[in-house]
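We call the chains A, B and C, going by the order they appear; numbering starts again at 1 in every chain.
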Amino acid sequence: MASVQTRRTLAKAGVITGLVLGGLFAALPVLWMLSTSLKSNGEVFQNPPQLITDSFSFDAYTAILTDPAQLQFFLNSYIVAGSVTVLTLLVAILAGYAFSRFTFPGSRTINAVIVSVQAVPPITLVIPYFGLVVALGLYDTYPGLILTHMVFTLPYAIIMITAYLNTLPKELDESVKVDGGNGWTALWRILVPISVPGLIAVGVYTFMISWNEYLFALALTRTDEMRTVPIGIQLLMGQHSYEWNQMMAMSILGSIPVLVLFLIFQRRFIGGLTAGAVKA
Amino acid sequence: MTTKAAPAVPRSGRLRSLIPFGYLSPTLLLIFVLMVIPIVMVISYSLRDNVIVTANPVFAGFANYTKVLTDPDFIAALKNTAIFISVSTVAHLVLGLTFAMMLNTKLLSGVTKAIFRIVYILPWLFTIAVIAVIWRLLLDPAGVVNYILQTLGVVQEGIGWFSDPDIALWAVTFVNVWSGYPFFMISLLAGLQGIPADLYEAASVDGTTWWQRFRHVTLPQLKPVIISMAVLDLIWTSQQFALIWMTTGGGPLNTTEMLSTYVYKQAFSEYEFATASAAAVIVLLLTMILAFFYVRSQRER
Amino acid sequence: MAVRSTRLKKLMAALAAATLVGSMAACGGSSDESSDGTVTLEFAQWWGAELPAGDFDEIINDFTTANPNIKIKLLSAPYASTKQQLVTGAASKTLPDVVGLDGAWVNDFAKQGAIADMSALMTEAGYDQSQLASQIQLDGKTYMVPVVNFVYPLFVNKDLLTKAGVAAVPTTRTEFSDAAKKITATGSDVKGWALPLDTAVPNGIQNDVMSWLWASGGSMLADGKPNLTSPEVKATVEYVKSLNDAGVIAPGALTMKEQDKVEKFTNGQVGMMIDSLAHINLIKEGKPDLNFEVAALPAVDGYSGKRGIPYASWGIGISDSTEHKAEAFKFVSYLMDQKTNANLATIANGFPGNKNAKPDFSNSDPLFEKAFEIYQAGTPANEFVGLPKSEELMRSFDEQLQLVLTGKTTVDEALAKSQASWSEVIK
């Protein structure tokens, strides 16, 4: 059966070649970003281009990490993305439970509305939001950003969580009710703990969306005290020059929280998506 | 989804039937205040003239809609958006599926796959503002990509990827493909991992080829995920604003003008909030057609 | 059941409370009068981002030290973001108390009633208007005062010019075209001129295209109405087209942004550009050894009249909705007083908006003094100041120019179309 062995080796070589090529496609721009963050601005367009230059230094990172205004952007992003994640999960668990465990008049319609909310283009909402968010006293505040981000993270979260809860047998909640508990207890004591992988998947996804959100973060804030990392990066693109190295350094720093989340949770993240996406 | 729920036995009548609405109330409140109200506002703006900039706007009927629908720039934006989203989605699907299948291979160890998995999601980690900037840098006429192409002798002079009217739309689409495939890939990877192994085993016993297994096991099993992801991707890509705005600004010669940049220009550079609102409503209606298919694909599952 | 609803209520209450506390905490910093009678003025501008770090804060601190009852809160962002914030602020009636303005924005904000009539405030405060070099008015009322003016001379890379074998800095269009061709001929990655035509921020039309027209005494208007089909405008566009056809313009022009232009000049990728004098520091910071000089914009051959020098201003205006107009005007007059204004102009590399203010050349670059001579020899020219929807005017012109440069239309047709679209805006 040498031919099977050969074919296996060939297949393996093929897959590895494919993976490396795809990996280059994915990673080269990021590598260039890293390289730019370690150069001086004058060398960005140097010809021929070099990955590592004579002026190699971490100055751009030091500049970002010692600037209180930039640190404030990171703090704001953590506060906003963290709150959005927690609140989205809470609200979506309640909604997902309603869809998964109850039949009620209008449930299909409400579900359809929630699903189609995902399709509402943010650009449609930007114009009325100024008036609305100002009227609600939410302009240039954390709650303003958190609530607007939630409008866009909730639908997907609800769909995923509903799908996930649908995979759990109804007998589970019935057993709690037999013991004298009610639906609320069943949800928090039994269903939520079992659903942790699914919730992590939804949570990581939500965090990413909020952390990287740009349009509303720009439109609904005006002071540096409220601005988030994506806007901070944009502010480094001054009117007249680009601070290439700082911009890239901040981008790299800004991607770290998301990367760490993915590293910690990647198994559960994919597992959670599997359960939600396939078994629904 | 909800059709699967067991019929609840009414215990205390009406009150009991309100319980699901209790659970739904935070969601409904949020969607009402931050989605329904603004949409109503935008519709009302679109039917008036000189909104926002003057204190007393007048009713204008459908004049703004006529104006938008007869604007050649809007028609161009519509066409560009259609190309942009369909090419992006197909490319996301092809790349996402290829990468997901390679990452799901049984030929490599778990650690190797985990490392590649991280490499492959890299584009997903960056905010769109950064993606626009890094690609402007890479694709600059004097940038690295042109340098490599020139060194290899493929081109004589640096190509203005974002500034050549014949190339710009493809350049922004390419960047969008790069930035958007990871989520597609991860979802498909999750889908692949959910395909029961015995299906493949049964197939390999029959002595089938890789291609037959792909066509008769993998694709049918992934179909629901592929359909709902594709529709979702069409919707998300059609909303792409920052990437276009920060790379080409809709130019050159409107060749990359999208519906989103069109609306933005109407509002924030022409101060025509009324026509901007009308355009926004039209965009909303168009995306609702996509949403209809998405809802259907969700129901079918 | 009772338990359930109580818990739900508690959860909701907690959420609501969190939201409320958050919004109240955030509101603390807004421009309200606090209990001890101090007034906080919000001042939105893009200037802070363009000055050496800390310098602007120092100027603000001097004011707040002298006026302990007024606090200034700076809202700094780049130019384009500032504009967007002001447009949205005006729309939602949340314009900061004091706003940095570009002359090209004034018409729209004033018509919208977003910025206050400063003539009235000046009269009220007994302010001596004769010291102001200029005021931007609409229907006889002042809405903006230019604080610092920046001229846009021609920047020339001397090393590239010498390498190309051109002895003198070009002063006429023919000389410029000749120099640009020779510079382009020196190397594969060097071009003669940079022309940023990105339509997202279409300022290139004002700074890099119309400036050629103004430099030769031409005008794009006649009696306040568009006059784009005149021979002068046509000659200007044809000249730009000839440079493009000769291949001396840096590639990527159609989506090039102002930043890219400065960057290409700084890196020696283009030999010449038209740019704000304010960028001298920036260029020197990026490439300390770049050998460049500034000169008046080349005019049509044989032109001997005064040369229009394109300029841009850091203008200032006051929100119409602020409750502290008097304090706001006090701050404006501080920025405009002889000493502060001279100081600000000096650090910004601009020319003061106060006639009596003399910028201090002693520590600044010799190029700056040279530019001041150019400035004094010519007349400031920027016809976009005060026009309605100026950005849209620039954009529609830009689109037509792009069609011309890509050979998709003729100069005459493009100008006729621009004339038509401008006529719809300027009635």
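The rule we apply is simple: contacts are C-beta pairs under 8 Å (C-beta built on N, C-alpha and C of every residue); 3 or more make two chains touch, one makes a residue touch a chain.
A quick map from chain label to UniProt name: A, B = Sugar ABC transporter permease; C = Sugar ABC transporter substrate-binding protein.
Everything numeric in this text was worked out from a predicted model, so none of it was measured.
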Farthest-lying chain, centroid of Cα atoms versus that of chain B: C
Between B-C and A-B, the pair with more C-beta contacts: A-B
Whole-Å gap between the CA centroids of chain B and chain C: 36
Mean-CA-position distance for chain B and chain A (Å): 15
Shared-contact residues (touching 2 or more other chains) in chain A: 45, 47, 90, 131, 147, 183, 234, 237, 242
Touching two or more other chains - residue numbers and ranges from chain B: 19, 23, 26, 52, 140, 142, 273
Sequence positions of chain C contacting 2 or more other chains: 1, 4, 8, 15, 84, 88, 91, 189, 264, 269
Chain C contact footprint on chain A (complex, rising order): 41-42, 45-47, 87, 90, 130-131, 133-134, 137-144, 146-147, 182-184, 218-219, 222-226, 234-235, 237-242
Complex contact set, residues of chain C against chain A: 1, 3-4, 7-8, 11, 15, 18-19, 22-23, 26-27, 29, 44, 46, 49-50, 73, 75-81, 84-85, 88-89, 91-94, 96, 189, 258-259, 262-264, 266-267, 269, 276, 278-279, 282, 286-287
Chain B-facing residues of chain A, complex: 8, 11-12, 15-16, 18-19, 22-23, 25-27, 29-30, 32-33, 36, 44-45, 47-49, 90-92, 94-95, 97-105, 107-108, 110-129, 131-132, 136, 147-148, 150-151, 154, 158-159, 162-163, 166, 170, 183, 208, 211-212, 214-215, 229-231, 233-234, 237, 242, 244, 247-248, 251, 254-255, 258-259, 262-263, 266, 269-280
Chain A-facing residues of chain B, complex: 1-8, 17, 19-21, 23-24, 26-28, 30-31, 33-35, 37-39, 41-42, 45, 52, 95, 98-99, 102-103, 105, 107-108, 114, 116-130, 133-135, 137-138, 140, 142-144, 147, 151, 178, 182, 186-187, 189-191, 193-195, 221, 224-225, 232, 235, 238-239, 241-242, 259-260, 263-264, 267, 273, 276-277, 280-281, 283-284, 287-288, 290-292, 294-295, 298, 301
Chain B-touching residues of chain C, taken from the complex the two chains share: 1, 4-5, 8, 12, 15, 84, 87-88, 90-91, 108, 111-113, 188-189, 197-201, 250-256, 260, 264, 269, 389, 391-392, 395, 399, 402-403, 406, 408
